[in-house]
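Structure record follows, encoded as structure tokens.
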Amino acid sequence: MDNLILINIVYVIAAALFIFGLKLLGNPATARKGNMLSGLAMLVAIIVTLMDQNIVSYGWIMVSILAGSAVGVYVSKKVEMTGMPELVSLFNGVGGLASAAVAIAAMVASELSSGIASISVIALIIGSVTFSGSLVAWGKLSERVSGKPIVFNQQAIANYGLIAATILFSSLYVLNPSSLFFIVVVIVLALAIGVMVVLPIGGADMPVVISLLNSYSGLAACAAGFALENNLLIVAGALVGASGIILTNIMCKAMNRSLINVLTSGFQEVVTNEIVVEGEIKPISAEDAFYVFEAAQSILVIPGYGMAVAQAQHAMKELQELLEKNDAEVVYGIHPVAGRMPGHMNVLLAEADVSYDLLLEMDEVNPRMENFDIAIVIGANDVVNPAARELEGSPIYGMPVINADLAKNVFVIKRSMSSGFAGVDNPLFFKDNTRMIFGDAKEVINNIVRQFND
Amino acid sequence: MIAIYLLFILMLAIFLGFELIQKVPATLHTPLMSGANAISGITILAAIVLAGNDSGTAATVLGVIAVFCATVNVVGGYLVTDRMLAMFKKK
Amino acid sequence: MTTIAFPKEIKQDEKRCALMPSNIKAYTLLGLDIVVESGLGDHIFISDDAYEAAGAIVTSRESILAAGDFVITVNKLPLADVKLCKSQACLISFLDPFNELDYLTALSDSGQTSISVEMIPRSSRCQKMDALSSQASLAGYSMVSIGMQQLNTILPMMMTPSGTIKSAKVFVIGAGVAGLQAIATAKRLGATVTAFDTREVVAEQVKSLGGKFLEIDLGQTAQTEQGYATELTPEQMAKQQAAQEACIADSDIVITTAQLFGRKPPKLISKETVGKMKPGSVIVDMAAENGGNVEGTVAGKTVLKQNVYLVGNGNWPCMVAKDASQMYANNMLNLISEFADKETNTVNLDLTDDILQSCVITHAGNIVNPVIRKHHNIDLEKTV
Amino acid sequence: MTTIAFPKEIKQDEKRCALMPSNIKAYTLLGLDIVVESGLGDHIFISDDAYEAAGAIVTSRESILAAGDFVITVNKLPLADVKLCKSQACLISFLDPFNELDYLTALSDSGQTSISVEMIPRSSRCQKMDALSSQASLAGYSMVSIGMQQLNTILPMMMTPSGTIKSAKVFVIGAGVAGLQAIATAKRLGATVTAFDTREVVAEQVKSLGGKFLEIDLGQTAQTEQGYATELTPEQMAKQQAAQEACIADSDIVITTAQLFGRKPPKLISKETVGKMKPGSVIVDMAAENGGNVEGTVAGKTVLKQNVYLVGNGNWPCMVAKDASQMYANNMLNLISEFADKETNTVNLDLTDDILQSCVITHAGNIVNPVIRKHHNIDLEKTV
Amino acid sequence: MDNLILINIVYVIAAALFIFGLKLLGNPATARKGNMLSGLAMLVAIIVTLMDQNIVSYGWIMVSILAGSAVGVYVSKKVEMTGMPELVSLFNGVGGLASAAVAIAAMVASELSSGIASISVIALIIGSVTFSGSLVAWGKLSERVSGKPIVFNQQAIANYGLIAATILFSSLYVLNPSSLFFIVVVIVLALAIGVMVVLPIGGADMPVVISLLNSYSGLAACAAGFALENNLLIVAGALVGASGIILTNIMCKAMNRSLINVLTSGFQEVVTNEIVVEGEIKPISAEDAFYVFEAAQSILVIPGYGMAVAQAQHAMKELQELLEKNDAEVVYGIHPVAGRMPGHMNVLLAEADVSYDLLLEMDEVNPRMENFDIAIVIGANDVVNPAARELEGSPIYGMPVINADLAKNVFVIKRSMSSGFAGVDNPLFFKDNTRMIFGDAKEVINNIVRQFND
Amino acid sequence: MIAIYLLFILMLAIFLGFELIQKVPATLHTPLMSGANAISGITILAAIVLAGNDSGTAATVLGVIAVFCATVNVVGGYLVTDRMLAMFKKK
């Protein structure tokens, strides 16, 4: 019993470390330290758990821990940077499997009271859903499964059916805690749910799904904790569960999606539509754009008529100063016809007291465009339209433009997708490296400025 | 009564989880998810106890599987997270 | 080898020229020969040596006119000089083709090709050759400069121990290229600027420069495809004049830039309205030389009438002749480059090109420009 | 009842006057009588009627001079007119007391009290009467205005399809009241402004207006209690001239405002330096009328030497005569108010007051001002 | 036992309500709702506690609850707005007394195990210190006790002695849990500590002290919770304790004091100093100034040379726009000699495109000065110097100035206490209604702007 | 073991307390303090139990005093806080 007290006191400390770790993980400056703290907590918890007096044989435990560690180390070292999200989903699946296995083990180890049985079956279901769902997500991310939403007719009905069946068999199991059959049926059903729920979600939404499944695996741990009366499992599980939900929500917002919308893809009517989209517009919020700005070393500002309309020049000057303080180089690329009168941009930028040295002509910036980390287009449209270069037959074909599209990242700030003075569409907005920040130029820039100050 | 304590603990932990992840920058979304995923490998504790108990071969086997899986999750999770975070280091 | 000739401007008080030494290198890279009349840049302190050093041949007027396949000037070449040019030469300059039928006829009779720079289309692609815009923009600046000079108060507000001076009120009528630049310049100087234009799209542009837009409900107004305003009906004109009056009376400087492409500028300010202004106020009438927006302005002069200075000097870009020359010379270079063939070192005017279709006026003995023909009612059958 | 007389300015081309109709009410509230010479405000379009309507008596020069206890003008009253004034009258105007000894002697002989407005102390309290500052400030504006006019390029930068025009470079030497205003005005117009002054405190002030300060290490420099600069040693002068040269040669407009209170302005720009400027550049020499900062400027004229325009027009505030009059008139009103006694409706000059001690020059037949006596080496014993 | 479960489940809910309530209390928009939620939680907890099966008689309980409520209602309704901080300290003291009484009651009710005994004696000490400390604080605030720090020689030694004695007798009690004597001694010592610790702290620092004592009373409740194994006491007590400490720290920062410094006043050497201070400077951070700005209806901006030096005009324009959006009226009072050249302020404000209509002359703003909620002085000094009005003999006496000091609140933004062009000191900075915001004008204003955007 | 649960609860509650009051505006300092003070009147629960128990007159009397004091603290505390907060209402 003394041992138990010791273990639990260490658990309290481990829980505190987890909490600290998570807190630090939320801040770029301390994230790494946070991760290490949380790793330390895990290590301590594992070691102290091994001192549990109920443990009679260590052999298999050690073998599986060593094997697991080896696999973990190998996979995580070998993976390419680009493969990380897939790997995370794979780990998540494995974690779900572990939870499920724990639940089954508890179920087969002894006859359970109905309370514990219901908690265990919950852990089992969540673990299984996490497992199969994560595997599908992994498949989609690594393109083993088509990234497109996979939908079929009547799927909503099928899904409802699955859920009903799962509830039914779970209840049956709780009533007959000794029945292996019900356990197996529940497992199969839960695995199916995991597959069915993730399949109809598009590849682009996968990070959200993984985050949610991750939150689920926390809940599974939490449920296991209840079943085994293990405080640390409850605390750590609840932390992961709750923070996962919040994180999922934040990620949805950043992607301009609603959580409900993502989750219920499998429960929606199938709509087939045949509209050909020329490309995809990738909107981004000013808040998220900030992180790119923070990391950039050289930035080209391309102002246009919209900057004048929004009177965003003062805000831009402030952003420029902040970027410069952040050791980035900022220059302005002034297209000769930007605005609505010759020298329009000059008037504005002089008003904001932008140094003349920073104003470069089109011919000066175009040759070095590839070297800019960011080209930020502020309310300009025609003057950065690659159609003038590429699209013979366009009304502006042949007009020299600033080749913003050749910069590493392009941010376009404007209020809508509407066209500029010349009234022609702008393929720049659909390019891969372009992100649209919709909104009034002044407000958007002020927003980014605010991020710098936070 | 123990259930009550557990309930208290659950309630507090959930609140704390919400409070902690209030305003994370987008760059941290993936590492944070990955870090949290590693933490969710905490089931390893339960797995260890179950694998070590002697309550039937089935339970032990399942326990050992669980320990293996959870270890992969924990070890791999922390290392991957660390790798991601290492990239952020300020110039 | 095509030779391009740049004779001196003959027009009185003209200080601009159509070539700057900095352009010569670009021309020679195209393989073109440049001949320059001695004294071309005198007014803006550019010596013959500077042109020579840059690679041009500087010589007499007669020689260069005789040598030039292209003769480029700011103002139209006097007819006497036209006679000295090659018969296939191409003359490029402002030609004022809507008003100078006699000159055009003489040109077409003597057989040269002529390009009127004011007829260059206002497409995005042509902006670099658009001398009308470049000169108008400088005119906008100059008009404010002269208004500032003429006014006996300062433009910005000043709160000083010796009293507070209110900012001067400037009213700009017509917010095209020149008007917008005038607005920007006056605003910079701290004046309170109001503007009006019949084209409604301009309101936002005025505000984007910090000016106020005077809202007058004129009913339906329009603009041409090139962005030029269409003429108002007499009722609309009356409405506009009435609505403007209070604003004009309240202003210290009024700048009128209203023009109608190819038509006489509208009369916008009557004698009576002038009389309502404060003594010592200033009206700058951009269009004075073509008839003017203001009743009473005298072309080429500043006069004091009813205690208001009416400035009708004209040739505004000439006040900043060096920049004006630079811009005009760049426009001309861009025009020539557009049709230069580097391989053969020649400039080939392909008359089917849509730019040339709208700006070539006479060719091979005919007035070929459809707009100009229509304007002067030249029967198509007759001459072609 | 004290009567204050405002005769017309006699000096050629002077457009300012010392009274505006808006001041009359304030004077009459103090219980003072205002007499105005007919035609006082002619140059700035203020009619006699306007003065009369505001409460002044408008009549002939002789009558008002005979009636005035105070006679206020901008420029000093001609001696002929002084004779017509009451013998106890007080004459207030710019007197240039450091240079006009003969005039002062004549004044003291004829017995009137005289106040030199340039001698009003520059304390915070006196700023409202400080005509030197108010006029200098307007001069700063006018000098830029005339420089802008004279220059054949525009001041702001402009990036256009017809090429990029670099902003003009303006160099202001002497950043006192006039210099700072010149900096501000040129900056507003979009010019790139550099400034220099011997007083180091000014560097921050220049920067606060967005100008660059040219750093020249002159060693020890100083300023008087009133904020005026002290004279440089010849070595320092030479150093300054050498260090400035590159900046001047690079500038399109140079504005010199360097003055030394009570002394001839320093010569800052030699003929050789002028010759290094670009042809067509402009130098505006504020002090031209008093000898000038620039070698070759001609007082009252704009001349072209070595292809550089040397502007020595002088009387700068006169270019914005209405505002200048308004400010000067306010300064005078504030001065009179300071010594007006509302009870008795009189103005009493208490010569022990520290303001009057520094600005009263002659009184009761003597030149009483110690600074001026010292300057002209008038032996104290002899005359008092 | 069923009853106990019910009670505890309700406790979980009550705890959640407390947490929510506290969270909402931290935001001006929701604070009132938060307080009500927390009140509701308290009510629910009290009612459910009354169902405890150990309670045999309700008579006295009801009487004391009713009496207590009556007193609470009466006092809280009657108190003047200005008397609130005192009242809070009084309530806090009463709360401390309650904790102490609970601890004693537990001690006398039955022989305690040494674990429980030590926890109880901690509760007793904290409760008593809170009680006497709060009373002294109340005395200082209500000016019944001198607001000046009361110090005497050797007080540090006396205090250390007291603490040592308390520890000694507490230990003795734990060893003899039946001894009433030790309890009494501990009480007396603890009360003395409370008095001694608070007496040397100046009146201006009282809010910090109260906040800290408040945090203590939370800890007392928490300790009582441990003694009685009451979860809700632990949770609520810990919440109050932890949030109280944080709050205390925040308040210290806002007052430019260090917590350690405030707390250890009683342990520092007594320094008597004789320098006569003319008045007190009250610095405030831009963050805190923001709340005043947010509440203001009419604001007068008085710019001076410092605004030009800092080039703060653009930032000010932005602040103006935010204030106007917040339905406040903003005007600028331009002193004719502000800056270093005639019209200096005009040049700047025109550059920032401030409408001319908003620029008022000195003579226009002075008569209505009393009506401005805030006069914000940006890098001006001489032009707002009341010495020009009041201090005959001052070099600037007689110069007309903008009477900023007559506005309801004055904020002065400058970098230091140094004087302006005229080189004379400015009594404005010492006025009661003046708060100094030290820093570069542009940075300070940007800071306030940022608050508006958060 | 119960002590362990209580410790867990304490630890979580403290963390939560810290997280909750992270960035409060200065205007709320006093109301927040007052509101927290009212919550600290939670000792009333302990007081009630002790006052109602029959474990000797002394304990009961002390309990009753404690109930009275705590009630004053609770009731007064909430009301005063509410009054303060009522002043903040946005125009």
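Per-chain numbering from 1; labels A, B, C, D, E and F assigned in written order.
In this text, a contact is a pair of C-beta atoms (placed from the backbone, for glycine too) under 8 Å apart; a residue touches a chain by one contact, two chains touch by 3 or more.
A quick note: this is a predicted structure, and the numbers were derived from the prediction, not measured.
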Touching chain A and also chain E, the following chains: B, C, D, F
Joint neighbours of chain F and chain D, given as chain labels: A, E
Chain whose Cα centroid lies at the greatest distance from that of chain B: D
Selected pair, greater C-beta contact count between A-D and A-B: A-B
Homomeric contact chain B-chain F: same or different residue positions, threshold half: same
Length of the line joining the C-alpha centres of chain B and chain F, rounded to whole Å: 35
Centre-to-centre distance between chain F and chain A (centres being mean Cα positions), rounded to whole Å: 41
Chain centre separation in whole Å, for chain C relative to chain B (CA means): 75
Chain centre separation (chain B, chain D; CA means) in Å: 82
Residue list for chain B, restricted to those that touch at least two other chains: 2, 5-6, 8-9, 12-13, 15-16, 19-20
Residues of chain E touching at least two other chains: 19, 23, 231, 235, 311, 336-337, 342-343, 347, 350-351, 353
Junction residues of chain C, two or more chains touched: 127-128, 133-134, 137, 156, 158, 160-162, 165, 188, 190, 210
Chain-chain contacts as defined at top: A-B, A-C, A-D, A-E, A-F, B-E, B-F, C-D, C-E, D-E, E-F
Chain F residues touching chain E - in the complex, by the definition given at the top: 2-3, 6, 9-10, 13-18, 20-56, 58-60, 62-91
Residues of chain E defined as touching chain B within the complex: 4-5, 8-9, 11-12, 15-16, 19, 23, 231, 235
Chain E-facing residues of chain B, complex: 1, 4-5, 7-8, 11-12, 15, 19
Of all residues in chain A, those that touch chain C in their complex: 305, 308-309, 311, 336-337, 339-344, 347, 350-351, 382, 388, 395-399, 421-422
Residue numbers on chain C that touch chain D, as the complex places them: 15, 44-46, 127-128, 130-131, 133-134, 137-138, 141, 145-146, 148-149, 151-154, 156, 158, 160-163, 165, 185, 188-190, 278-280, 307, 319-323, 326-328, 330-331, 334
